[in-house]
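The structure's right below; bear with me while I get my questions together.
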Amino acid sequence: MTEKLTSSYWSRKQVSRRQLMRGAALGGAGLAGAALIGCSSDDSGSTKVSGNKGGTLRSAPDIELSTTDPAFFTSDAEAAIGWQAGENLIVKQHDLTLSGGVAASWETPDQREYTFKLREGNKFHDGEDVTADDVKFTFDRIFALEAPPAGQLGSLDPANGGSTEVIDDNTVKMTLDKPNAFWLNTLSFYQGKIAPQHDDPGNWGIGKYVGSGPFRMTTNVPGEATQFERNADYWDADNTFFDAIQFYYLPEPETRIESLKGGQLDQVNRLTPASVPEVNASGNARASQATSASYMTLAMNTLIAPFNDIRVRQAVQAATNRDQNLAKVLEGLGAIANDHPIAPNDPHYDSGVAIPGYDPKKAKDLLTAAGYADGLDVPVTTMGAANHEEIALTFQEYARDAGINATIDKKPEDEYWSKWWLNREDVQMLTVNWNGRNPDAALSIVYHGDAPWNETFHQDDALDGLIERARGEDLEGRKATYSAIQKHLVEQAYRVIPVFSSTLMGVGNNVQNIEAHPSRWPFLSRGYFAS
Amino acid sequence: MIEKATTTRPSSVRIKDIFKPFANAFRTPAGRIGLPLVILHVLLAVFGSYLAPYSPTDFSDATYVRPFTDAAEGTIPHILGTDQFGRDVFSRLLSGARSIILISAIGSILGVALGTAIGMSSGYLGGKSDEIIMRVADGLMSFPSLLLALLVLSVSDSLVWLDGVSSVFATGKESILVIGTMAIVHAPRVARVLRSATLTIKTQEYVDSARLRGESAYYIIFKEILPNALPVLAVEGSVRFSYAILLASSLGFLGLGVEPPSPDWGAMISDSRSILTRAPWVPLAPAAAVASLVVGVNLLTEGIRDAQKLPTELPE
Amino acid sequence: MLRFLLVRFTLIFITLAVVSLAIFGVTEVLPGDVAEAILGKSRTPGALETLREQMGLDRPAWQRYVEWIFGVLQGDLGNSLVQDRPVTEILGSRLQNSLVLAITAFLISVPSAILVGVWAGVKQGSNADHTVSVISLVAISLPEFVTGFILIVVFSSTLNWLPSSSLVMPGASPLDRPIILIMPIATMTAVLFGYIMRMTRANVIEALNTNYVRTAILKGLPRWQVIWKHAVPNAMLPTISVISINVGWMLGGLIIVESVFAYPGLGLSLINAVNRRDLPMLQAISLLIAATYAISNLFADLAYAWLNPRIRISS
């Protein structure tokens, strides 16, 4: 007995989906994390804002939308749905401070055991209370399903000795396998929306989302629109002003920006660097910018030729012109990156690790040593959104002098994460964009051997050991370990990361209190219309 | 329908006969503008890449340069400006001419050849096979050409045998598919036109006498009918060429049939969407190029028609 | 006449059969392994198997074809592989949106093109005629996306009078904000107008040169009567064929215009279906478009036959 094709196709996609996740903490969160060791915090996250109630915010995220199961959120649209209709235990604000979401307060004596007191009277959109059972359910299922966040949540993984316990209805205790200085910061990961135990997200299907967030999702049609209405029972409903939010899925990045400029949209999650001057000059909208550890990368499939050979990967590294990437792709709105995800303004960044320069001759020599004296043909998989194609074009242009003949294989935007990313058979190299995270999360989610999102499919036990060790060390110890990791990553060149990219968000002139977030998260719920 | 079929003596088709309609067209006012315009484009297609001052794909630091601005000391000016990567628009334009004209020309020649063969045979032989062929042709003609192209290109990834063909011709898989699709799209329409021409011509005396002489059908079709169908063929071919260019540029615009960073005119226009306000010359240059080419071909078509003093035909 | 009608209707069915065979053949027979074509090679073997089972790909092609056709005739166009909803549900509003665009463009361009064509034909050789001819030549020489882009650059980017993309909120109708319709309709109208006007003009010129009309002039009939009662009706016959052919062109043009302006109609759905290998959607939309064209040809034939006394009487 078989169900209809599409629904089983759909649910199969949900379970086996490996999708790119975006969003998480920014570098520098180490500091913020340190400040919370041993302290408890209250729910002072809501700064009182006086705004006009009412209005419908019209927003346009990137369009791929395949699931509403928070554990599997990957794309911009999915994450955006989570931010409006769901809520984490802990939320990271624009200034990188942490505030309470579902959790009202927390304490940790040793950065290994964390006790969270949940807000009283907090409810899901279906009326049921949000309890400690739901929190345990949320995290347990991530590990049981081997969902993508399991990578960065390694400290809590039962397989490593971690556990989530229910103490009472409103108290949850997390015990990590070892102390982790970044843990609270990591808990703000965008798949971390607390899910209802009584209504398993695995059964929802694309039209439904049950969360406890400031807005309730009322309809969801992929490729068309998602609608939200204000949740009057939200604990901070006093600071939520829009009556409703609408997401529109417009087919091309340019049409979204054009609609913003023309006043048909109030907010766009992503602006291209080229459009920033135009948006600011449009008279209807402005570009909001935030420094970020978000980055662009060329990920190489280390399982198959030619990138199973480290010399070829290093050749690609030498064939990459980072300055041109910053100048042409980002138009200066970002920073040079060093093939690892720790940003220059992060205290853990080691400026002593040399940045590989653009050296076509060195690349050629490496290729010859690897057996590609006549040059190397590389198909680069990419898509037409989020600056991917520009990165691919720039690589193609400058790698030519190194004897690398790159061809661009452009895929549709609305299936990139579900069909082409993490594709270990058909794809040799592809462009990826990652949102900024704290150093531990950024490394754990993609470089650790156990990470579901290990997009280069490598197995590197030494690296795993370093990543795990760093979590429990003090600042000096961490700096030393991360320095070793940085050197190692530059050497191994699993991925070439040429640039960090600033967050660029487009906001209508009539909209207040919505700004670009360092982790590129669209916090829309506190916004309001000026008139 | 042809009202005045010639009753010239049959002869085999010589090369110069193919060029005659175009030469004649030059005598008409429309052709006087159209033919040089088309020839200019063809020359650009052939020699364009050698004339280009810059490489069409090279990045440079001179981004968003407006057209007709003075260049820095010792550098070649960017006549038509540059895009967001600093690539010279003029050079890209010249390089793009080759692919669009080549693909359109080959596609329409194939389609015309196929359609002529089918249409003449069907018209001459008549009977059941004629009926069947015309029904199939009608069916295929119910597809707007873009739709048929999209259908074929949608499965292009899975056609593995195409890789072999494309490596023989040293070109992309998509180009081969586009050419093939064009041939399929144009053939039925050409077949219809040639079939009606054949129906008229085959009533002529010399055809009868050839048949009585015992000539084979092949001989009659290609040696008697075809030379007299040449005027119609010339017009059809020209019309098909203009449609082929429109189709090729539309497919390029949709991102099908080309690979970045190839300077396909259609793709240049759609890629420029993000910088439309900042650099309107980037899409306007290829737009003008496509427009001038198709205008040229359309004028040429009119010229050919006028030169034959045929009553105006339906466009398809 | 009745016989003529019967013959025509039978032919239409044959044509539609050929159309459906062509669509099915290209999308399901040509690619070899359809499941792989849709999901890609490295999908989990389980997903490939499920897809194969659900689409019944283990059955022979002709069987699947027949099943598809039966479904279509009952109004079941299958489910979109991407959106997990019946195709008919998704296409309902899209079709409406496209119809708004197409019908408006048609209603604007056809009468005006005929009028201008007649006028130009009558004033053949005048400066006005030359101007109109040149403008229409340029109009038909520009691909739709070029026309669209030029309009966007002029009216959106530069003058800021019109929105550059035609955003329609789902559930809303494009008629709620008519301003978004202006540029897409203008783009479609431009080419339609160009073709029909040129055809009409040429036919009118030809009709004016017939003995029949010359006789009427010599008989001393007033000029307007000669034009409108004698020349134009004769000129209309071939013009009707051109109009029906342009319906077909317009359906293809919709695809491009909707893409340029991000207008949520059939054309945009088609492109999405192509990109995402959404087979049922692709097949359904192709069938819809080709069938519409075939049927409009039928109407054109019928109109031609009805207007042409020779056919009406003799059949």
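For this structure, a couple of remarks:
Chains: A, B and C, in written order; residue numbering restarts at 1 for each.
Here, a residue touches a chain if its C-beta (ideal position, glycine included) is under 8 Å from a C-beta of that chain, and two chains touch if they have at least 3 such contacts.
Owing to the predicted nature of the structure, the values given are computational and were not obtained by experimental measurement.
For chain C, the chain whose average C-alpha position is most distant is A. Here the two chains linked by the largest count of contacting C-beta pairs are B-C.
Distances from each chain's CA mean to the overall CA mean are smallest for chain C. Inter-chain centre distance (chain A to chain C, centres taken as mean C-alpha positions): 44 Å. Computed centre separation for the pair chain B/chain C is 22 angstrom, with centres defined by C-alpha atoms. Centre-to-centre spacing of chain A and chain B amounts to 48 Å, using the average Cα coordinate of each chain. The set of chain C residues that touch two or more partner chains comprises 164. Counting partners per residue, chain A has 252 as the residues that reach two or more other chains.
Annotation for chain B: residues touching 2 or more other chains are 276-277. The touching residues of chain B, when paired with chain C in their complex, are 135-136, 138-147, 150-155, 157-160, 242, 246, 249-250, 253-254, 256, 266, 269-270, 276-277, 280, 283-284, 287, 290-291, 294-295, 297-299, 311-312, 314-316.
Note for the complex: chain A touches chain B at residues 252-254, 257, 272, 274-275, 277-278, 324, 327-328, 331, 384, 389-390, 392-394, 396-398, 407-410. Residues of chain A touching chain C in their complex: 2, 4-10, 12-13, 16, 205-206, 221-225, 246, 248, 250-252, 255, 258-259, 261-265, 412, 414-415, 419-420, 423-426. Within the complex formed with chain A, the chain B residues making contact are 57-59, 61, 63, 84-86, 255, 259-261, 273-278.
Residue ranges on chain C touching chain B, taken from their complex, read 11, 14-19, 21-23, 26-27, 30-33, 36-37, 137-138, 140-146, 149-150, 152-153, 157-158, 164, 195, 199, 202-203, 206, 238, 241-242, 245, 248-249, 251-253, 255-256, 259, 270-271, 273-274, 277, 282, 286, 289-291, 293-294, 297.
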